[in-house]
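Below: a set of structures, written as structure tokens.
One chain, chain A, links the two complexes that follow: it is found with chain B in the first and with chain C in the second.
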Partner chain A sequence: MAAPEVIRGSWLRSVGAVFMKDWRAELRTRYAVSALLMFVVTTIAIIMFSLGSEEAPADVLSGMLWVVIFFGAMSGLARTFVVEEERGTAMTLQLLTTPGAVYFGKLLFNLVLVFGLNLVTIALYGLFVNGFIIRTVSIFVLTVVLGSAGFAAAATILAAIIARASTKGTLYPVLAFPVLLPLLLAVINATRLASEGAAFSEASGEFQLLVSYIAVVIAASTLVFDYVWKD
Partner chain B sequence: MAFRIAVGLWLTLVVILSLSLPMVARPEHWYDLPIVPGLEEKARILFFHVPTAWLSVVGFLLSLVYGVRYLRRRDPEDDLKSATSAGIGFLFCVLATVTGAIWARFSWGTWWNWDPRQTSIFVLLLIYGAYFALRSAIEVEEKRGTLAAVYAIIAGVTMPFFMFIMPRVLSSLHPEPILNTQGKIQMNATMLILFLSSLAGFTGLAYWMWRLNVRMEVLLHRHHGQSGA
Partner chain C sequence: MSSPLHIAGAGLCKVFNRRQVFSDVQFQVSQSERLLITGRNGSGKSTLVRILCGLLTPSAGSVVIRWGHEVQEVERPGVIGLVAPYLQMFEEFSAIENLQLAASLRGYPFERGRAEHLLGRVGLDIKRKDAVRSYSSGMKQRVKYAFALLHRPPILVLDEPMANLDADGVAMVREVMEEQHQERILVVATNDLSDCPRADAQVNLDGRT
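So, the complex of A and B:
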């Protein structure tokens, strides 16, 4: 029983190492964080300008929140794999560790990034946009957690694909939108329910959909990641 | 050659019959079609809309299957077949969207109202669009085949959420609930035979187009392989 334990331990260590590598690189430049932050501030400012002193209905505002998050995530998450190609470190990473460790390390990093982005977006959005009120907090919290996980899951494998294409920037939202749309419809619907003050059980259908979506996307990603990652 | 002529004659017959057979309240003769309440003469779109929608999904699934085969065997012909299936599927997807919108104009009074069915066919169009955009963005042939196949798989595993779950979670006005209540198909034998013939005819047409395209792509590939490199 000792041998598998060691292998598992080293696998987890490699995942952690890939994550820490990205984390340190990010802290050094703060590229993704500062770009994402400015993106969110700009987008919310545009929404505030266009609304003026009008108060939009709750379902419109809950939809717009996820518009901000979608495009914010699209501008930041593609970086995770693109930087490896740009710095020329993809080959080194291929030699040093297994594809599975790379995938889960990057997934973890994206998860932290999306979750942080969502917290900041929601805080700013709730502070500055008039009329955005959450009545059922439990639905909203679970929606944000599951929504972030789903975003990170789909974004990681698509970022791996896009890093290998020649037109990296523009194609990413195009590829991501159809894949993310079931997730977007579910989170928008759940957020609308939360702002209307619905009971927790009313949103259970959305949560089932979100959980199965995350499971399916991560399972499929682990199966195909080898083909994307190895040359 | 014989196959092409047979498909052409078959489809001509199907089109003439689907447009000309009378629709009556109480079918008495073998050639009478029943009136579906709420749809009336508009139900005739069934003979064209359903086969195209079916082929748009089949095209995507075939593209997925050949994509997986390409990942396993690395045979360039599988990649060509995958791309061709996507091309034909996209064509039928456009046709299904257009026939659906025309029907919606006369049944619901608007071309487009984001019914769950319309949303799902729109997403299918987007997936096809993204697939071709991705293919055009990668120049190296091997990489193109691999990444396109992977994208098709990722898009394919999220598609059931639209095609099967979303229309059932949200309420739809799509007439499947009217035509097919409790799993019982309210068509008489004539209508069912005509519908299945149309389905077979369109599938035959798609197969002929697919085979022709694959042959052309394989020849082009060989030609480029010899002159280039």
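So, the complex of A and C:
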């Protein structure tokens, strides 16, 4: 039996396999999607009841939108790693593939999940919350895209960390809040600018911050993930 | 000329929260050889198996695998096949889907013909489309064999190889072990010496703390 020159399989295929595994499992169980939707619908209903026919100012409405997204995301995104620990399949993944492939596969899955969540949340929020009007669509679209990517990036590494802890449920939002604070402040401000009809250039500072945040979180995550993922 | 396939463990020690499981464990095994790991319950057989498979970092010492060249950590998924009670399948998927996942996660193309052949060999061809969660523990053990053999691993590691298997299953495992031994490396960790009556090297973990 001769040794092959290349033992290693395709890294991209491994990343795709991690993503497809989670995607197909989610299509069968719908656990994360159900948790996210229930949370979003309940929270928007509470906002509707508390506001009544009153119209809140733009900065309050922008803040409330991202509060819904923050807690909605926290209720669903942690599952990606917690479920592997609970079912004992984390070791199977460690045996079959590299930590990098697991991280990027899970990140990709969380990105899709958080984009979907944000689209549904924004549609429901726009329909049912009085006074939420977007005047500069370009700022808002870019804010949602970058905000979603930032949420997914931070949520993925935090989920990997808390999956190893015994108090998973309570630890996640507590750990996530300080890590996500710079992102939250930037997206809330950019959403306020979009609803006030500001010019695109006025939001450039927020976009620079968001892009830097995403780059730093993904770079730091790839550096520490090996240590988080292995014993 | 030395064999291109070779595993060597040197000075291996594992400590969990100040409790030393074993220390100064050494072994060497080459192509067409069998390594037997024995010891009482709690002596660290599964811990040593996990270290060998790269699933656990030793507190001291190292395991070096050579297959033409020194196998790097990122290459280990392609070199090792593991069957163990603590290795869980993806239970929401069927046996054939689990094999497809195993191939893709390793980064290899999926060979459906080989996967179906292996499922037939382990006696699960009729049940291959049922979710693994509906399987008995013996059937899950059989899936693990197909899972471990799919990529023709040069090193097959079996921890408690006969666990939950009936007489047919035991016969199937003995056949797999014999084939693996022909030109590859077989590592068996067990309490029952009849699981692997002939070994070229042995690590006894009793009294290794």
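Some points to look at:
Note that in this section the second predicted complex is superposed on the first by the 222 of 231 C-alpha atoms of A that agree within 3 Å, B and C clash if a C-alpha of one lies under 4 Å from a C-alpha of the other, contacts with A are read in each partner's own complex, and residues count from 1 in each chain.
Following the convention adopted for this analysis, a contact is a pair of C-beta atoms (placed from the backbone, for glycine too) under 8 Å apart; a residue touches a chain by one contact, two chains touch by 3 or more.
Keep in mind that what you see is a predicted model, and the values were worked out from it rather than measured.
Contacts of A:127 after superposition on the shared chain: neither chain B nor chain C is touched.
In the overlay built on the shared chain, the residue A:171 is in contact with chain B alone; chain C does not reach it. Of the two partner chains, chain B is the only one that A:158 touches; chain C does not reach it.
When the two structures are aligned on the shared chain, A:18 is found in touch with chain C, with no touch to chain B.
When the two structures are aligned on the shared chain, A:27 is found in touch with neither chain B nor chain C. With both complexes placed on chain A, chain A has more residues touched by C than by the other of chain B and chain C.
Of the two partner chains placed by superposition, only chain B is touched by A:181; chain C is not. Against chain A, the residues of chain B that register as touching in their complex are 71, 119, 123, 126-127, 129-130, 133-134, 137-139, 143, 146-147, 149-151, 153-155, 157-158, 161-162, 165-166, 169. Put simply, chain A touches chain B in their complex at residues 154, 157-158, 161, 164-167, 171, 174-175, 177-179, 181-182, 185, 205, 209, 213, 216-217, 220-221, 223-224, 227-228. Residues of chain C touching chain A in their complex: 4-5, 31, 53-57, 67-69, 71, 74-75, 77-80, 82, 86-93, 97, 101-102, 104-109, 154, 183-184.
Residues 1-5, 7-14, 16-18, 20-21, 24-25, 28-29, 87-89, 91-98, 101, 230-231 of chain A are the ones that touch chain C when the two sit in their complex.
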